[in-house]
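Heads up, the next two complexes both have chain A, just with different partners, chain B and then chain C.
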Partner chain A sequence: MPPDVSVRNLVKHYVVPERAGGLRASFRSVLRRKHRLVRAVDGISFEVDRGEVVGFLGPNGAGKTTALKVLSGLLHPTDGQVDVLGFTPWDRRAEYLSRITLIMGQRQQLFWDLPAADSFLVNKAVFGIDDAVYTRTVDLLTELLDLGDLLTKPVRQLSLGERMKVELAAGLLHGPRVLFLDEPTIGLDVTMQQRIREFVTAYNAETGATVLLTSHYMADVKALARRVIVIDKGRLLYDGALDGLVQRYAPHKTITVHLERETDLPDLNGQAEVLSVEGLQITVRAGKDDAPEVTGRLLTQLPIADLSVEDPPLEEVIDQVFRGERL
Partner chain B sequence: MRILRIVAAFLRAAILKETAYRAELVGNLFRSVINIAVAVGGLAVVFSHTSELSGWRLEQAMVLLGVYYLVQGVVQTALSPSLNEVVTEVRKGTFDYVLLKPVPSLLLSSTRRFVVWHIADVLLGGAIIAIGLIRLEAQITFGVAAIFAGVMVGGIAIVFSIWLALTTLVFWFVRVENITMIFQLFFDTGRYPVEIYPFWLRSLLTFVFPVAFITTVPAQTITGREPLVAIWLAPLIGALALLAAARFWRIGLSRYTSASS
Partner chain C sequence: MIVRRATLAGALALTRAEVADMFQYRVVLFLYSLWEVVHPIVYLAVWGAIAGEGDVGGLRLSDFAAYYLTFMLVSHVTAAIEIYTFGPMIQQGELSPHLLRPMNPVWVAAARNISYKSVSMLLLIPVWIGLVIILRPAYSVTAGSVVLFLVALVIAALLSFLVGTTFALLAFWTTRSFSFWEIWMGLTFLLGGQVAPVELLPGFVQNLATALPMRYTLGFPIEVLLNRLDPGELALGFALQFAWLFAAALIVRAVWRAGIRQYSAVGA
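Take a look at the complex of A and B:
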């Protein structure tokens, strides 16, 4: 089976007006604008198989949103080939647009003054959805998203989280096979983020839809995506399993011990680095290969009450990736 | 068929939205009635001093005013709300959702919003035309009515095209509200026959910014006045204007999809 999404050497450059701050510069820019070339996406390639959930990671301005917009047909790329479900996205064929969705956490499509149900009917007409299919889809989404009576209240009366739920539903009415989700949990409280994540997982399991999502929140990525694509400054830094990212960019373990009483630090033979000593708690960092030996030493040399060996937190790993460092 | 269903869905949403704000609905209707009453009163004042204005009698000028309000009603009900929405959405970034729909963007952009209470302008305009024609004791044959309808459709097509072209500028300049204000300025000249304006302005309003085709020519056709230009020019120019505006829209759109981030 060919992959649902195939991206070959995608490049998207665009030109933005540039001006220095201040009144004089402003006046000058009215007459003569200076422009700057932005390399939003600078040659990335990847494939996504049917039913996969892939997380797009990257700092602000990394090119995540631009990539999603090219994939959903909103932008023409500067160079490269993209194939989604056998279509070239930017041809914007009706058959293609009926099979995908792009949901942007920061941009709403529902009528503000009307209940979401009324906006849904508009989308039903626009996508030409059959009555039976429509009813079935709304039932499924109502159940998965726990929409309850949210659909009958004017959108302006909904909380941010509730609004995101109905926005998600609005974007999924036509039963798309490929979902592009751009920051679907942005600005939501922790509980609501959790609900949205559970929904995406359930929707993916229920419909087998392929999902590409971007997020700032590491929790989203940890919960949803087994595979991550990390991009920064338009370039692909990593594509693979989430675990692999930790292996590759943080090949070390953090060992934390709680002591029974105060004592001198042991000799670590240069295999580990002491990160912190706080009262009876000592944290050291050791290379993956050295970790067992270091742990052994600590156990034999110290009066230990408790010991834990962990991978470094994902946030830290990602941070390292973006700073181009390796530990 | 599908298109009709889409437009019906938008129309339904629009009616629901307007009726959700009943106070606004009543206030706006009131404003329409006052506006038109004042305009008719103005005509009456002018014609109390003269029996003819550049060859137009009061009743003929009333028909022209009726045409003006009818066209304005159509524009404000069905055309400008959708196109103004495009301007807002391009700035907010939600225009992307229009492009994500499996329907031609121009169709969606020009049929999405309706401000239904402006229908009042259409009805009042029609009423003024009827009153003018009755007082003229005009003999309206089926043929004259058909020609009038054809000329009106041409006029509305011209209005739509100009508005669409001005809206399309949003893909380059982002802020274009002021440009659409210019449209209203020219359009307002259509309350009076173009013959009353000095030669240079009359030429401008006939050939460059063809307001003449929107109100003067239809009023001439139905009140039996000698037309300013050949009548068949109205639908022809209307059709050409639509084609040109649609082409310009596509150019604007390709800029949007290649230049924006």
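Take a look at the complex of A and C:
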């Protein structure tokens, strides 16, 4: 089976006008406009198989949204090939648009003053959804998203979280096979974020849809995607399992020991670095290869009440990746 | 051009939702459209004062009343609002959600146009009837002129919509599409049968008005209804109106395609 999404050497550059602040710069820019080339996406390649959930990670301005916009057909790339479900996205053929959806956390496609049900009916007609399918889909989405009576209230009276749920439902009425979700939980409280995550998981399980999502929230990615694609400054830094990311970018382990009584630290032979000593708790960092030996030495030479060996938290790993450092 | 069945159904559903949406703003709508009723009264007052008890170029006060009362309805039906509705959508990046649906977003502009006019027309008609009773226009219409008028009116509305959409689409390139629109409005004011019926314009200007598209969005249907044209002028008028409609359709399509290319190149 060919992959649902195939991206080869995708490049998207923008030319943006640029000028300094102030009146003089303003006059100068009338005569001579300066432009700057922004390499939003600079040669990335990846594939996504049917039914996969892939997290797109990257700091602000990494090129995540740009990539999703190219994939959904809103942007024409500067170079490279993209194939989604056998279509070239930016041709924006009706057959293509009926099979995908792009949901942006901050965009809104609903009529503000009308109940969402009215916007749903517009989508039903535009996508040519047949009555039986429509009823079934609305029922499913109402159940999964707990929409209750939200559909009959004017959209302007919904809370941000409620609106996001309704937006999601509106974007899924036509039963898309591929979902592009751009920051689907942005600005939502923790409970609502959790709810949206559960929904995406359930929807993926229920329909087998392929999901590509971007998020700032590590929790989103941890909960949803086993595979992550990390991009920064338009370049692909990592593509693989979430666990592998930690393995690769965090070649250290953190060893924490609780002592039974105070005592001097043994010689660690330069294999580990002491991060902190707080009362009876000592935290050291050791290279992955040295960790077993360091652990052994600590166990034999110290009066230990408890010991744990951990990978550094994912947030920290990602942060290091973006700063171009290795732990 | 083949229009998908889902597109037509979609446009219809969209129009229905837009009408429901418009009703939320009925007071604002009423005030907006009231302007369209009031400003022809100004032209009527001026021309009425000039004509006095006599006539101007064969037009008496009651003829001017008929002209400008018809003008009220025609200018409302053919008003292009796209620079206010569609242009800002492009500028503020609200086009993207619409581009993700399998329907050209120009249908969104069309739905808004139709819903605005149908809702505000309901509010305007009573005012208009009141004015007819007060001003006693000299309507010498025939069944034939009414039929031809309706045809000319529909084409005028379509032409005007396409022109309005073309100017709105300039928002893809410039944040100042209003300036271009102002030029068009100025030309319509002079040559479209607004400040004066085209037949009263001096020879050279009248020829210009006959050739250019503005008259076919506004003055021409009025002249048809009021039987102001001989058969030759009528045939020429319809031929030119059709020709401009065809040209406008080609232009709007070309501008849309170029605009979308620009939009998807610089960032949606």
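FYI, the second predicted complex is superposed on the first by the 323 of 327 C-alpha atoms of A that agree within 3 Å, B and C clash if a C-alpha of one lies under 4 Å from a C-alpha of the other, contacts with A are read in each partner's own complex, and residues count from 1 in each chain.
Here is the rule we use: a residue touches a chain if its C-beta (ideal position, glycine included) is under 8 Å from a C-beta of that chain, and two chains touch if they have at least 3 such contacts.
Please read these numbers as outputs of a predicted model, since none were measured by experiment.
Following the overlay on chain A, a clash is recorded for the pair chain B and chain C. Touch criterion met: A:98 reaches chain B and chain C at once.
Using the contact criterion defined above for the overlaid structures, shared-chain residue A:321 touches neither chain B nor chain C, since it reaches no partner.
In the superposition on chain A, A:259 makes contact with neither chain B nor chain C.
Contacts of A:224 after superposition: neither chain B nor chain C is touched. With both structures placed on the common chain, the touch criterion links A:118 to chain B and to chain C. On chain A, the surface touched by chain B in one complex and the surface touched by chain C in the other have residues 14-15, 66, 69, 72-76, 90, 92, 94-95, 97-98, 100-102, 104, 107-109, 111, 113-114, 118-119, 121-122, 124-128 in common. Every residue of chain A that touches chain C in the complex is listed here, in rising order: 14-15, 66, 69, 72-76, 90, 92-95, 97-98, 100-102, 104, 107-109, 111, 113-114, 118-119, 121-128. Those residues of chain B that touch chain A in the shared complex are 2, 5-6, 8-10, 12-13, 16-17, 20-21, 92-94, 96-97, 99-103, 108, 254, 257-261.
For chain A in complex with chain B, the touching residues are 14-16, 38, 40, 65-66, 69, 72-76, 90, 92, 94-98, 100-102, 104, 106-109, 111, 113-114, 118-119, 121-122, 124-128, 154. On the side of chain C, the complex with chain A involves touching residues 4-7, 9-10, 12-14, 16-17, 20-21, 24, 94, 96-103, 261, 264-268.
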